[in-house]
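In the two assemblies presented below, chain A is common to both, partnered first by chain B and then by chain C.
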Partner chain A sequence: MTYGTTVPHQARQAQTAGGDGDAGLPRLLPVHGAVPVDLRTHRQRFGDPPYSGQAGRLIPVLKAAGLTGRGGAAFPVHRKLAAVARAGTKPVVIGNGAEGEPASDKDKSLLWISPHLVLDGLQLAAEAVGSTAVGLYLHRNPRLQERLRAAMAERAAAGVDFAGVEIFDAPPRFLAGEESALASRVSGGLARPRFKPPMVFERGVVGRPTLVHNVETLAHLALIARFGPRWFRLAGTADEPGSMLCTLHQADGRRDVVETELGTPLRSLLTLDGHVQAVLSGGYHGAWLPAADAARMTLSNGHLEPAGAFVGAGALVALPADRCGIAEAARVARYLALESAGQCGPCFNGLPRIAAAMYEIASPRPDPRAVTDMIHWAGLVEGRGACHHPDGSVRFIRSALHVFRDEITLHGQGRCVDPDRRPFLPLPRDVALSAADWS
Partner chain B sequence: MRKQLRVDPTACSGHGLCAELLPELITLDEWGYPIVADGPVPRSLDRHVRRAVTDCPVLALKLLPAP
Partner chain C sequence: MSGITHSTALWYASRATGVVSLLLLTGVTLLGVLVNRQGRLPGLPRFAVTGLHRNLSLLAVAFVAVHVVTAVLDPYVTIGLTAIVIPFSSPYKPLWLGVGAISLDLVLALILTSLARGRISRRLWRALHWLAYLAWGSALLHSLTSSTDLHSGVLLYLAVGCAVAVAGAVIWRIAQAGRDVPVEERAAATLDMMAPRSVRPPGRRGPREHIR
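For the complex of A and B:
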């Protein structure tokens, strides 16, 4: 795993992040190289978490900053905090580090490189909603968990925390980080989504109002508490302020985590020359864009949403011109079908049929009915799950059918741009299949 | 307050009773799971709606406040 930054002058000092017109990137990552930041270095750079001394004070500050969730949904952070604070009795706060998206590394990278920024954010969020029941939800990655435990021990010794933090294991599943799946897992159940309402901020972990924020969101929150809304808005656009972490998959196979401003042109993040045919934005619940369209867009929902895509958690993939987009989509469709929690009839029945039809279309001279069938099934599963898994899967599938339509024509003639079908998009080697793997 | 019908799809196991009791608002897909008409429930159907909600064998049909 590597990380870099799109800002050419990496050596810029973070101390200038006080608000003199300098957006101060990178904000979340260390100024020099990928060195894990220990508490001493962290405190030298940022000082201690600026507790306000009273629940609720941070909420208008976050509203002014315009921070939105960085886990994919881009929901306004202040609204979640206000809802949990309002809900009253004994709220729970959980930092969500379950990064089930196979194309995303940014949360793992952030937790590894800047654990104290995430932990500061967790503490400040706990104070803001008046909670002392605080947890961190992480995949069972022993090295990463060990690093976080060590960071938490450093903090306990230094006495910088508002509340103790408990670590909870997330299973290695795509949907493990879905809010209600998280709430169920942290309550001692299986990490499977449930029907809403009630929302997790109303009734989450053991039935208590629960604030769940992605770990990157918490890191931004920790910086906004220190440097304020004006500083936060020095990066990004008026509508979508701030910076975000992105996982970039270049057409040559390079994979990097970078921190960049919202509104950055996609062509300055991905090399989009004649060797790239399409860009996937928003990971496997996201959408494909023709490379020429992507080259005119920026990293913003304002640009991407009208084209059917979104920023999501910042996973961006450039698909080389010599790969088969339909074969790629078929592999991902099968993965998404296997990652269904199997609880909702339409998702359980529809996704495997969609995946099978996608494999049919990926084969030479496919049955022409496969596309019609797939569009029919896509309509049947959309909007009919307890979570957004069917909707996100359908978004991915439909965009693939549209963007790779020339490839479908080619298959109809018994040809393919890549007869070898070399896999390009990253997928886990072993897809977990038993019910126990949800725990 | 206007109400809206929703299925908890994690609870629904496709008995199909709701579509028989309330064909005006509910049809079944090809796998036997209910497709519920969008929008607030018309008052004229109130009685049938309540019946469908209470008779669902797994209580998967919910009458919730319309957004």
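For the complex of A and C:
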């Protein structure tokens, strides 16, 4: 079952699917409508956070539930908590709400509509690792930060939290939400990824062991602590349990955030009729799938990974048939190149060259060397950075070259399915030009 | 006069491998500066600079090993096995051989930390790698003082050449550092260099001089 709601700044009716809550959905979103949930409503539905009174008690529960991170990497949550709890004294817990992916809105929506679930999760995670240093990392969206502060004030008045939560600003960069970039920024520096080792759970914010979790992951954690692992597993599949939030971009331009079970068929989420040529799964570090293949796939890494794609943070885009896929990919490639932190030679040298080659291929009668150049550079760039920015970008671009290969042939003949090359994929206009743009 | 008039094969081997070691270490140091500046060797692919730097350093260790072992085995002067790594503990020329031992210790530290690069923090690796200059400098000092070989003839020119090369590389590195493109602008600067025009970021006028 799928339940939907809208991006907070759009004043449209929430879309609710019919249903009897067989898997207990919606879980993170309100049952009816997209009205932001205040503390009273939250307590009526869920009660207070079930503090166990002892560090570590929550970890086996999370292991049984099989909760994985919802920030894109799908790392098992219990392992991260255990690593931080083991790593040493005075751990830090940060909720990661810096949604740098332009195609994803689900974290902003969750923070707007259900902040108390996220804040509950933060407190419970902090208790589980024995931390009293808790923070929330958010982009500089004044209305959203205002909303979070109001929610925190409600909780302070009701005495629901045991640790105060500090809000930290994230710059509007694609990489700002990367774990080590977050640790660097919260420590007072620039939001640039750092070389690992040491891992963030060993030495993160100001050198202390740091637990970083996506805000949606924390919301699921807050519910598992209340309702248990078996309840969590009522949704999803055996290997990939639970529900998740997805950002859906339909071919007609509609953009929605929905909560759905893992394992849901993609065709239940995106309208995949003859007007759609391809589907992007996993955002701008994800991969393209031809529409016919996507129509047979489900929202699970078990299905998507063998096809070269992945679930990621649930950003799904249906590309209309009357758009040029190569031009879209070229624009994204340029964006990804400009979002490089500039620290690793292969990344800041290779990604711009790849983007330039993509622009060449997107033009009529491109130089035939552009494709071979790009493949050559793609091979040199992978696995050579401090973070996975080059790897994810190469995955996106390689899949575009494969899925839109017929388009490339057309360009070679001087034709294009969309001679105007109108943009479809969302991309910010601002470019990082100085150190200030990384803080 | 060093007082050594009896030539043995071991003694020649030690001196010869010593000279080669100095040359290799000089080459490794120069390549290290080139790696740091992300420069290229003409005609070779981009990764060749790093690859050569690493491979030559391992070759240098091999030659240093032969140099050290032959010197110790040579019966004419007493050096002692421990003097290889413990500075100033050799009965023969304790000071200058001690400088050599320092150089060897540093080279071993550089090699071992580089092999373990995935396991130590980058900051630690980088801090230790600065010792490379000290390793090279002490190797040169040891070469000039442990025997009179480098005081005349071709070997003198060689020694001077090594010193001038490394000094020049260091000066070049310091001068170049002032002209670096700031880290945040590197990717945009690379894009600037590329055609077509539409891919360039807005608000930029032309290519930058250096991408570094």
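We adopt the following convention: the second predicted complex is superposed on the first by the 418 of 439 C-alpha atoms of A that agree within 3 Å, B and C clash if a C-alpha of one lies under 4 Å from a C-alpha of the other, contacts with A are read in each partner's own complex, and residues count from 1 in each chain.
By definition in this document, a residue touches a chain if its C-beta (ideal position, glycine included) is under 8 Å from a C-beta of that chain, and two chains touch if they have at least 3 such contacts.
What you see is a predicted model; the values in this text were computed from it and never measured.
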item: Fit or clash - chain C, chain B, common chain A; value: clash
item: Touching partner for A:131 - first (chain B), second (chain C), both, neither; value: neither
item: Touching partner for A:437 - first (chain B), second (chain C), both, neither; value: second
item: Chain B versus chain C as contact partner of A:345, first or second or both or neither; value: both
item: Touching partner for A:96 - first (chain B), second (chain C), both, neither; value: neither
item: Which of chain B and chain C A:114 touches, first, second, both or neither; value: neither
item: Most chain A residues touched (candidates chain B, chain C); value: C
item: Partner chain in contact with A:385 - chain B first, chain C second, else both or neither; value: first
item: Overlapping segment of chain C (options 97-105, 115-123, 169-177 or 187-195) - the one that collides with chain B in the superposed model; value: 115-123
item: Overlap of chain C and chain B interfaces on chain A (superposed complexes); value: 192, 194-195, 197, 343, 345, 347, 349, 380
item: Residue numbers on chain C that touch chain A, as the complex places them; value: 38, 46-47, 118-122, 182-188, 190-191, 193-196, 198-199, 201-203, 211
item: In the complex, chain B residues that touch chain A; value: 7-14, 29-33, 35, 64
item: Of all residues in chain A, those that touch chain B in their complex; value: 192-195, 197, 343-347, 349-350, 380, 384-386
item: Interfacial residue positions of chain A with respect to chain C in the complex; value: 192, 194-195, 197-198, 203, 330, 334, 337-343, 345, 347-349, 351-353, 355-356, 359-360, 363, 380, 429, 431-435, 437-438
